[in-house]
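Following: one structure in structure tokens, then a few remarks.
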Amino acid sequence: MLLSSLVFLPILFALIMVVWPNKTTLRPLALGLSLIQFALSLTIFWKFDPSSSALQLVEKYPWIERFGVNYYLGIDGISLWLVILTTFLLPIIIVGSWQAIEDRVKGFHAALFVLQTAMLGTFLAIDAIFFYIFWELSLVPMYFMIGIWGGSRRIYATIKFFIYTMVGSVLMLVAIIYMMFLTQEAFGTMSASLIDFYRLDIPFIAGQFFSLQTLLFFAFALAFAIKVPVWPFHTWLPDAHVEAPTPGSVILAGVMLKMGTYGLMRWTIPLFPEAAEYWAWLFLLVAVVGIVYGAVVAMVQPDIKKLVAYSSVSHMGYIVLGLFAFNETGMTGGLYQMLNHGISTGALFLLVGMIYERTHSREISKYGGLAGVLPFFTIAFFIVTLSSIAVPLTNGFVGEFLILLGTFQANPGFAYVAVSGVVLGAVYMLWMFKRVFFGPKGELVKDESHPLHDLSPREFAVLIPMGVMIFWMGLFPNHFFHWSNASIKHLVESRSNYILTVKDTNTKTQSAALVEGE
Amino acid sequence: MSHQLLISTLILSPLIGFLINGLRYKRHSANVAGGVATAAAAISFLSAILIFMELLAMPKEGRQIAVNFFEWMTVASLKINMGFLVDPLNVIMILIITGVGSLIHLFSVSYMHHDEGAAKYFAYLNLFLFNMLVLVLGDNLLVMFVGWEGVGLCSYLLIGFWFKDSDKAAAGMKAFVTNRVGDAAFLLGMFLLFVSFGTLNFQEINNMVPADPTFSWLSPLTLGTLFLFIGATGKSAQIPLYVWLPDAMAGPTPVSALIHAATMVTAGVYMIIRLNPLFLHTPNTMLVIAIIGGLTAVMAASIGLTQWDIKKVLAYSTVSQLGYMFLAVGVGAFTAGLFHLMTHAFFKALMFLGSGSVIHAMHEEQDIRKMGGLKKHMPITHFTFLIGWLAIIGMPPFSGFFSKDEILWLSFHSPLGHPALWALGAVGAVMTAFYMTRLMALTFWGKSRVPQDVHPHESPALMTIPLIVLAILSAFAGWLGVPHVIGAALGHLPNILAEFLSLNIKPIPNLAEANVTTEIILMSVSVGFALISAALAYHMYVRNPELPGKFTEKVKGLHNFVYNKYFVDEAYEGSIIQPLVQTSKSIWFYVDVNFIDKATYWISDIIKGGGSLVRSLQNGNLQTYAMYVAIGLVMTLTFILVR
Amino acid sequence: MLNTDIFTQIGLNHYLFLSAILFVIGMAGVLLRRNAIVLLMSIELMLNAVNISFVAFSKYSGKMEGQIMVFFVMTIAAAEAAVGLALAVTIFKRFREVNIRFFEHLKG
Amino acid sequence: MNIQIGLPDILLISPMIALFVASLIPITIKVLRGNVEQAPFATLIQGLGGILAATVLLMMVAGSGSTAFADALVLDGLTKWMGFVALAGATGAVLLMYDNPSTNGDQFSELMFLTLSSVIGMLILVSAVDLLVVFIGLETMSLALYLMIAMSHEQKLSKEAALKYFILGSFASAIFLYGVAFLFGTVGSTYIPDIIASTGDLISSSRLFVFGITLVIIGFCFKVSIAPFHAWTPDVYQGAPTPHTAYMSTAIKAVSFAAFLRFISTKSLVGSENLLDFLQWLAVLTMIVGNVAAILQNNFKRMLAFSSVAHSGYLMVGVITTGISDNMSFAASGVIFYLAAYTMMTLGAFAIIALIEKDENSSVKVEDLAGYAKKRPLMAFCLSLFLLSLAGVPPLVGFFGKFYLFAAAIGEGLLWLAVWGVLNSVISVYYYLRPIVVMYMKEGEEDEAPRGFGATKTTILVSAILVVFLGLISGPIFEAVEKALS
């Protein structure tokens, strides 16, 4: 029941938020609940067997039997860390939004919790329809979050976000249904289970776009590519980020974008191995273009948040690059970079939010000389900047290095271009850092009537876990690889004929009751 | 003491110093902060000495201490250990780093006394030591890269130390970004090596290098070493990535001494020496290295001839001397390269600290046109600077003579060398003698041009003691590597350094027997010309101070060209930075906002256009609606019955 | 079953053409006339065209259901006429107008 | 033929009888009291009682597949489930009528009579297996409806709507009937199973038969508002009182589709490629027309009307699938489930419009919703649920409806229709989100406290609960429907 409670407890929490009568105790309560959720997610480590690439802690109940749709949750090395990332970020977001969100506090926290259910469900669902439901559900709370608590162009941004993501995913729905009929053809009974999808052998004709596997591949890939977002589908992201409130940006960058790359890793690549192999060049190409493009466009942004948003485009390009390297190094790097990006970009958005709360402006040109006024803030920002530009011993470096190495092993040409992102990343981040923190004091900074205060204890509490993770993940990546290695290895080695076994939990006494309805 | 503990102490003591100073950075006591930092550096130095003793106590063949802390990254075949290796090659490096580092820390205590960011400064300095030690001790390329980027980061922080000044912050950023270009190449180099060898461990790589050299330009190893060298040009300020180093003088002067003269900038040289079997395997790369090194030596020296800022002169001098080191490693004279690295560390650190002392005395004035005659105000500084001057212009028997001479000789004599390379080196040496003498003359000798309100004075003892120690080292360190020809002449003095390093450094292949006469002639020629050039400079700047002005008038165009550093910065600005920014802006504006985004608007416009069409058809007249039904009916029947 | 000899005998097709012509006239009336009452009459015409078809088919195929259907249709047509006239009367009372061009407020 | 009308027949039509009796009660009382209205609440109870009785009776008699009146009526699974949907829609609509200023009060008992009469027509329609009975059902239903609309207390637009609906409806009925005549002429019967039996031969040999089939299909297309026969829909939906609009877009639409489904199972689509192609294009056209037109609408009701057209397009995909599928019950259950889902969410949405309307003359613009979320958080939340469900966002019932519908289509190889469908649902997201945007993200002025509206609110809440949970438990429901149909 562990995974079920993990996924559905937040819904309960959301209901509690809605009916909770006392406004002052609402935030502490939300924080407490999210911490409980985090603690619960940590118990996965007790039951999870890292040496196995199989699906673990499986819960499967028939749901819509006519279509072979099951209530099917499971976890393996690929989803494990993303689940932890999600539960880890939520308390931080709640504390981070302590003062930023004044209006409709109940609704905000309810939306947060619903969003958490959707995200965790996306990562844990093993049934295609079940997955799709969570995938789409995640749009709704995010839509409200941007639309209600966002900036001045929030409505434009939120509708753009919703429609963009929906365009991709509806075609995925068609593809999923089509694959369900394929399972019926192949195995006699219809099934929406990912495990059965993996067993399908879908005919592939190289060089022909309108062939079955290629079309299905693109239907899935498009959905994920828009979510990632891969260039050139990225234009919703800067708008959404800029208009979203800080917690929204954090969760969007921190987790929601990962749903796209996770989808590529869990669905697209192993389901359509030949097509993925054949079209890998396309994804490598757009990934590399995204890396460079995101970086150069980020460089000239006048708005800090937009800069960070475009930097996300660049960073997400790295992840896609790593995944489509199809080797263990690249994939591990890709997965690791998902976590890194969640931490570092999440922290960047938190920091941008903090300074925005103080000055109500994000325009780079109005800042300057902040380092002299807000030393602690500067240090925090600098550490996160280091992580973002992948300085060794921070988490960003491990991911970027593995991705680039993996790409180099697979396709050196793309790696040569992608390496330029290393330089450009430093350029846009440091240039922004210089303009905001160094030099003479800018108009917002020297405003005597409105003195700026350095980090408050609450803000420290938000940033310290992020800082700890930055260095922990930079220094001891093996702690993290340990849990995902088996799964990634299995994915890489048996990619052309990928099969996910379900770990027989009956032998384990404590989880004997988990598998039912097989 | 166990090796692990020893090396931990060595590496971690500056880190702890950094943490202490970093956490209490708001308290402005420079003495306490400096004390902590210096102690940390000194502990590190003591450990280095202990390690050195341990190493000496070992049998010659097994002189190495390997320590593995933990597995850093293990993915598939990639296994990276947080492993450190001490062997004769890098024990010298750590002695220099911690030794010179300690002295510079000591110097800084006094120098930074009045700065309110002193604690921060010392924290950065300690962090730098930590990273530098990681760089030289790492037993694989990736751990080296940790230090490699780490020192760049500290350099960035220290150059931009006085961040309130936009230009200084910009200089820091320039340093970091230029280094990043090199680092990106370094990464590619690493990838190529990893793909070729399946490992990044230095020893394994060096053992796996094929015996026969490869002459292909496109072989992975040639490309790999070339990329590593590009990485080195970034860190070690060689053409074309040297541009950051002169700007880096925006940082506090002791920083320039430590980072931008003695240690960090030599990392590239160290890296190449570390991988010397590999580089010897790729003669093409070696040729490139030698040419770039030689050219850098001359070009930087020529710029040094014209500069007026005392630190800029020293900075270009550093670039030039680094060029010598690359010239050395490029011709396979790795020992000579390391030797020059060491002597240069001493005398250049000395000169930078000396200039710091001068600047301190002149109340932050750096223009040598406003100095002159400081000899009588600052005797100790002048004397130590004098020794540095003698060393750098290669005056026997000071240290610079031995190391520079060996480089020049081997660039002529080595099968990888060429007389042209020797000529480049010699021209560089002549120029060096000229501009260093000019610097001495304008600063210390001649008439005083010090403004009225400035009263120069000798620096306090905390500053002069390091100067004196470094002066002693600059004067005598050369005897560690006495060239064969002189050693023979003086009664078989051994080349201690070469023997000590013999385990790590592969000899130059096919090196012919030295021709003593040629060697002595070449030596005399370079020393002789250097002396003449120094004398000329003395004549021009002390005897006839109006002469240089007249001379520059005559070659105004050339002078301007050189004085403005060959307009390289402007060229970079105009050909790379501005186009990049402009292109980025237009990409953002035309591609992102006005194409990709607009494309989605077109779709929505089409949809809305369809909407207006339907709306206009929906005109409210029920007969029109009936007409639609009728038309639909007719069309359906036509379609179904006629088709 | 169908008698094709249209020169000697009035066959099914004649009735069908007649019914088609009537139906089209009715349709044209609905499409072209302005008066709501006339529209109602046109619809009645269409229904009667249908009735002719029914009867003709019934006659020529010998199945009597067709005749019975006509009664159903007539009944319903009557009900329709009743409702239609009631509507027309209400509208006329309210607006003093039965020109259907008057009723174009709902559009767009 | 030996025609015998016995007790079994009477029992089988007992739901209709119950409704008929119930419809007469209020109006009889009014007559007995000398043309004085009784309390509207009593009328409501009597009407609802009739509907409830009909539901219970339907549950008892339907589903067996037994036939009544010489095979003119059949009470099979389709009858049962579509009857339920129709009765549910009618219940909601009656509840709305009770509260709505343009329908309640004066003449409420007459309205109840007409409403229940049209429900009787619906039940006839869903159980008819003879085209003539279909026609009678259609007319019973429609004639009552024309009058219901015309009876609105609103004086201008409702009259126009009624006139338009009446003339166009009769026009379409005539076309339908003309088609029936040709089917009769070629097949010799109007009994649907007979038509099915002879389709195989006639579809390729007899043009008159195809002509007849086409006309009948167009008649149905008009009723379910398939473009280009949809033009009446927005005008009538907008002009009619909101409860009637809700009624039309749920119950009426559902039963029309039920009859359409019954007819389409003649397999005429399998035999005629042209007809099949044409219907597919009509389905696509309908989706596009409905969605693109809805995007530009400001009037909330009109927007939902166009959205209703678009949904007819989606449903048409299911109907076409049913027409060509060997496993008809599978595809048909998709359509039925979609209709049930659609009934829930549309009813809810219109109920909220009814709640916002101030008096019988007011029309609700999308902008009028500004700040609604602050004023009535629960109602705003419910409306968001309905709209998101209409847009097909999981896990609401609308998503499952689309899922079953398109799954069946994909299973039959109509992939491209499914693609069109889902792409259109993306377009629809744009206008479904707009009211949500306005409610939650724009500030509006305060207004007076809400009036009673207990019945409306009940409708809304029940619909909302169903919208949330019906989808999650849809598996067993779908299977039950499919079992009942096969």
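Lettered A, B, C and D in written order, each chain numbered from 1.
As a working rule, contacts are C-beta pairs under 8 Å (C-beta built on N, C-alpha and C of every residue); 3 or more make two chains touch, one makes a residue touch a chain.
Fair warning: this is a prediction, and the values are worked out from it, not measured in the lab.
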Longest centre-to-centre distance from chain C, chain (CA-based): B
Central chain of the complex, centres being mean CA coordinates: A
Chain pair with the higher count of C-beta pairs in contact (B-C, B-D): B-D
Approximate Å spacing (C-alpha centroids) for the pair chain A, chain C: 65
Chain B and chain D, separation of their C-alpha mean positions in angstrom: 79
Approximate Å spacing (C-alpha centroids) for the pair chain B, chain C: 98
Distance from the mean Cα position of chain D to that of chain C, given in whole angstrom: 27
Sites on chain D at which at least two other chains make contact: 163-164, 167, 171, 175, 234-235, 430
Of all residues in chain B, the ones touching two or more other chains: 615, 618, 620, 622, 626
Per-residue multi-chain contacts in chain C, two or more chains: 27, 30, 100, 103, 105-108
Chain pairs in mutual contact under the definition given at the outset: A-B, A-D, B-C, B-D, C-D
Chain D contact footprint on chain B (complex, rising order): 604, 607-608, 610-615, 617-618, 620, 622, 624-626, 628-629, 631-633, 636-637, 639-641, 643
Complex interface listing, chain B residues touching chain A: 25-26, 70-76, 78, 142, 145-146, 149-150, 153, 156, 160, 163-166, 169-170, 172-173, 176-177, 180-181, 183-185, 187-188, 190-192, 194-195, 580-581, 583-585, 587-588, 591-592, 596-597, 600
In the complex with chain C, residue positions of chain D that touch it: 132, 135-136, 139, 143, 146-147, 150, 155-157, 159-164, 166-167, 170-171, 173-175, 177-178, 180-182, 184-185, 188-190, 234-236, 238-239, 297, 302
Chain D residues touching chain A - in the complex, by the definition given at the top: 388, 393-395, 399, 403, 406-407, 410-411, 415, 418-419, 422-423, 425-426, 429-430, 433, 436-437, 440-441, 474-475, 478-479, 482
Residue ranges of chain A touching chain B (in the complex, touch as defined): 160, 164, 232, 234-235, 293, 296-297, 299-301, 327-329, 332-333, 369, 371-372, 375, 386, 391-393, 397-398, 401-402, 404-405, 408-409, 412, 415-416, 419-420, 422-423, 426-427, 430-431, 434, 437-440, 475-478, 481, 485, 489
